[in-house]
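Next up: the structures, one after another.
One chain, chain A, appears in both complexes that follow, with chain B as partner in the first and chain C in the second.
Take a look at the complex of A and B:
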């Protein structure tokens, strides 16, 4: 029963998934989408709870056992706690009630209000729909309507300059100057009022730069991998080296300008031998994936259920 | 000079006015009759048969006379207002993303340099969804043929027919690699890819995980299995746990050995790199679907001196694995791995079916290429999925 039940569920859903490929009826597809998207999303939500439990357990165990470099586990657990706190309190875009004082850069103005954002994403949202941001808590400086500026080209220094110009113009016209308007520095504007920190800011400020750093390391790894791959140990490696040299050289406009036929040769290598081998692999992959699916659907392959009978 | 003088004297004399000669007024040019602009003819709007619905095919014939610059297709839905759908020089158009069972009317204007001429409207026509999608039939036939091969070889294996399976060096090395970990007293690191459970490569990787875990139980080696996806984590954990139980060593299972790490791609790569550097595993398995993080992990693993066995069906990542790892399962070998390692006759039967499936594909490709080359007929259209 322990095995039969999941296998029966798997068999029924797999057959249904297969049927929906060949049946055109909308209701069939709607139900298939429900299974694929919504049901899987629910399962995923439960799995995330299990995953978090695993993460906490793994690192607390490391700390308890004083495993090698156990101190790093504190970093993970503290980061998890801080992110959870900010996520629950501040929300994805700082729409919740977590009060946090932080600095930022003035990048937007709309309807007489100047807004402070700490991320490009928030600015983009603001640009898409400024009225959504008509929130006085985000204003650092109240301006009359005439100071509304094209926020697309808006920078803090520009704001300061613009305020100064408007200030002078009002003085020359002999008009009263609103008390809130005064030429201010970037820092003054940036730190004048508080605004909310959000999960999005954490993501953009920490995770994205860290991810980009890892991705950038790929370039260096590629160099060392290329060195190993292109060493001429045998005939095959030699062919690879020559082909790679032609393809790389063919990418350079200056080289293609001076060497006639280089571009065509590069394209031929990519389109004929390279594509042929890729397609060969892909046919094998397609058959292998089909065979694996068949094996699982028919219950021949049961390793995914854990070993044994 | 004299002539000029005489002439000028004569001009000075008064010349009696001659009576004006009445001339008939020039007839006004008759405006050319406006050119007759003919509309497109025989507009036919039809539902595309045997599909998901939401698609109508519109065809028309060129006007009797004149060559239009282009045609403008207009469509009216339930509200009755015509809106432009497309401008085309062709005489047919497929309108997509329509609602099923909603009547639509069409008309086509032929646009000339001096104006345009609109055709009459078509009768209301509805898009429908159909039970059978004939465009997918080549796939269904291929599945049927391949399924038959699979069942044939499974039956042959059941009957006890000896099936020869070619040696896959990457899989033969699994036993040695885990043995090496035993000798060195170091753990085995298994990364089941960075994709989700919907990916067949992930399923194949989880199948291999069961076989690798079985060997780690036999050799009493620690296995470390970090996961990027929470659903994959739960399944991987169950697989390893069940394997320990089925091998009679449930007490030896360390619940901390299979864990969820992080769902972010590069954070996961950084985490796996950290494990490689800290734990110094003797053997590293990188099996499943990988993206840009493949080389980051494989190069770090290579720098630790571990034996690395990788397997992926991602054509773009294969060169990285081939370069940085000791053994690489290329494409289909990843799917064959669990059968190869398990040595179960029925599973080996599926390997033979895979090989014969490739043979069938090869024959079809050669025959269709010959037909296309020598007859000029596009034979591929017979098996093209629409």
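Take a look at the complex of A and C:
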């Protein structure tokens, strides 16, 4: 039963997936969409719980056993806790209710009018049911309808910058400022110094520089490896070296500008020998994947069930 | 004997010396960039540029799957910026989505940056203003990749009921005016990724729903996409930073008012000098190897 049940589920869904491709716009097709758009997301959500559990278990065990580099497991666990807190509390842009945003002005637009709120929660309440809460006498700024979505998505600072730019440009040209975009509420839409912790800030402050640094370091290792290991030891290595040499040289604009035919030669290498070998590999991989899929669907291949035979 | 020791010494040179050379070769052109004569790749960049240029003005819709990560930023971010600029110049509507959570920050940054460029110019009386919800929409992130790729072929509102900012997608004017419901209402998908996601789009979106697909990929993975380029399953493609720089050049040629930062063109001087350094090191490494072997076979 432990094996037969998952195999039966897999068999039924595999057959279903195949059938739905060929039946056109029918109820089968609609049900297949429902499976893909809803059920798959729910399964994915459970997989995240499983993954989280596995990650926490693995690293706590590592710390307990004082395994090699166990100290780094603390970094992983702390990062996980902090990111989860900020993500759930502050959201991507610090829009959630937990106190990860300090200061600042929350603004929102509805029906061509801009409103200032005391908190994001108040704004969310307003935006969910504007017909109930919108009071035109409390609006601070009037604006053309076309800007409404922009206002709702911009931070207070960006909004002010936008209005200011437009305002200044019209002033400089000596053109009259239409009342609709006039920043009459400069004092009212007061922008306070804002301190906000959000996932976006973690992303920009930690992930972007760390990711870029890690990748940039590759250039140093590649150069060192190219100098030490890329040798023309035999004919095969020689062919590889010459091809790599031409393709890399063709990547340099200066070289293609001064060496006639280099650009075309590089393109030929990519178009002919590269293409032929890639196609061969892809056809082989495709046939192999199809054969393995059939073996799994028919229950011949059972390694995916885990636990050995 | 004396000579041999020189080759041997050169072969065993301290790696820190190599690192220092690379650092200098890489950093100096960043501080003092130089212009490079760019030859446009007809088979890849030009095909893609012409394809986007042939979208119907005011009616074209370009879906960009921006799946770039911080580590791919130097190569893929300029491509994203260039695509958005091209669409805004031609009044083509832009939909941007992400299949990975780490891509959202850069995708939003690119959209905001280009929108700000256009709106600043519009304030000076050059060009037109672009408005969120009318000219472009950021759909946000939806996992796992295969679900939105197939789902968008059926009904976009099932996959993305709301945009990244929480606006109901159906309420945004661009979606209603253009009646965008699925791939049928879009002109092309542009997949920006450092992995094989463009191939996934070809396999699932193009094969099943017939929409044109193009790609913006890192230079190191270019060779993988040539079979799809040859079969015209990919409508052109941008190959690494060089491809992005070529696209920027084509944009400048076609739209003289283009004055935004040319990130790829700026980066090309540093990338080119580093490539030259790597080539020289390969040559030098092999010369040292052969000279050393020559002395060894002679029993010296």
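By our rule, the second predicted complex is superposed on the first by the 185 of 309 C-alpha atoms of A that agree within 3 Å, B and C clash if a C-alpha of one lies under 4 Å from a C-alpha of the other, contacts with A are read in each partner's own complex, and residues count from 1 in each chain.
Please note the rule applied: a residue touches a chain if its C-beta (ideal position, glycine included) is under 8 Å from a C-beta of that chain, and two chains touch if they have at least 3 such contacts.
This one's a predicted model, so the numbers in the text were calculated from it and none came from an experiment.
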Query raised in the report: Looking at the overlay, does A:278 come into contact with chain B only (first), chain C only (second), both, or neither?
Result: both
Report task. Applying the touch criterion given at the start, work out whether A:263 contacts chain B, chain C, both or neither, answering first, second, both or neither. Result -> second
Report task. Classify the contacts of A:241 with the two partner chains as first (chain B alone), second (chain C alone), both, or neither. Result -> second
Report task. May I ask you to decide whether A:290 touches chain B, chain C, both, or neither, giving the answer as first, second, both or neither? Result -> first
Query raised in the report: So, A:215: does it touch chain B (first), chain C (second), both, or neither?
Result: both
Requested in this report: Figure out whether A:223 sits in contact with chain B (first) or chain C (second), or with both, or with neither.
Outcome: second
**Report entry** Touched partner set for A:84, first chain B, second chain C, both or neither
**Finding:** neither
Query raised in the report: Is A:8 contacted by the first partner chain B, the second partner chain C, both or neither?
Result: neither
Query raised in the report: Which partner does A:68 contact after superposing on A: first (chain B), second (chain C), both, neither?
Result: first
Query raised in the report: Looking at chain A, which of its residues have contacts with both chain B and chain C?
Result: 21, 40, 44, 207, 210-212, 214-215, 222, 224, 226, 228, 278, 282
Query raised in the report: Residues of chain A touching chain C in their complex?
Result: 21, 33, 36-37, 40-41, 44, 92, 127, 146-147, 149-150, 152-153, 158, 162, 165-166, 168-170, 173, 200, 203-204, 207-212, 214-215, 219-220, 222-224, 226-228, 230-232, 241, 245, 248-249, 251-254, 256-257, 263, 267, 270-271, 274-275, 278-279, 282
**Report entry** Residues of chain C defined as touching chain A within the complex
**Finding:** 11, 13, 15, 18-19, 21-23, 26, 36-39, 41, 43, 69-74, 102, 104-106, 112, 119-120, 123-125, 131-134, 143-144, 146-147, 150-151, 154-155, 158-159, 164-167, 172, 208, 219, 222-224, 226-227, 230, 240, 242, 245, 268, 272, 274-279, 281-282, 284-286, 289-290
**Report entry** Partner chain A, residues of chain B touching it in the complex
**Finding:** 50-53, 100, 129-133, 136, 139-140, 143, 146-147, 150, 154, 198, 200-201, 203-204, 206-211, 213-214, 227, 230-231, 233-235, 237-243, 245-247, 255-256, 258-262, 264-267, 269-270, 274, 278-279, 292-293, 295-296, 299, 313, 315, 318-320, 322-324, 330-336, 338-339, 342, 346-347, 350-351, 353-354, 357-358, 361
**Report entry** Sites on chain A touched by chain B in the complex
**Finding:** 21-26, 29, 40, 43-44, 47-48, 50-52, 54-55, 57-58, 61, 68-69, 72, 207, 210-212, 214-215, 217-218, 221-222, 224-226, 228-229, 278, 281-285, 287-296, 300-301, 303-309
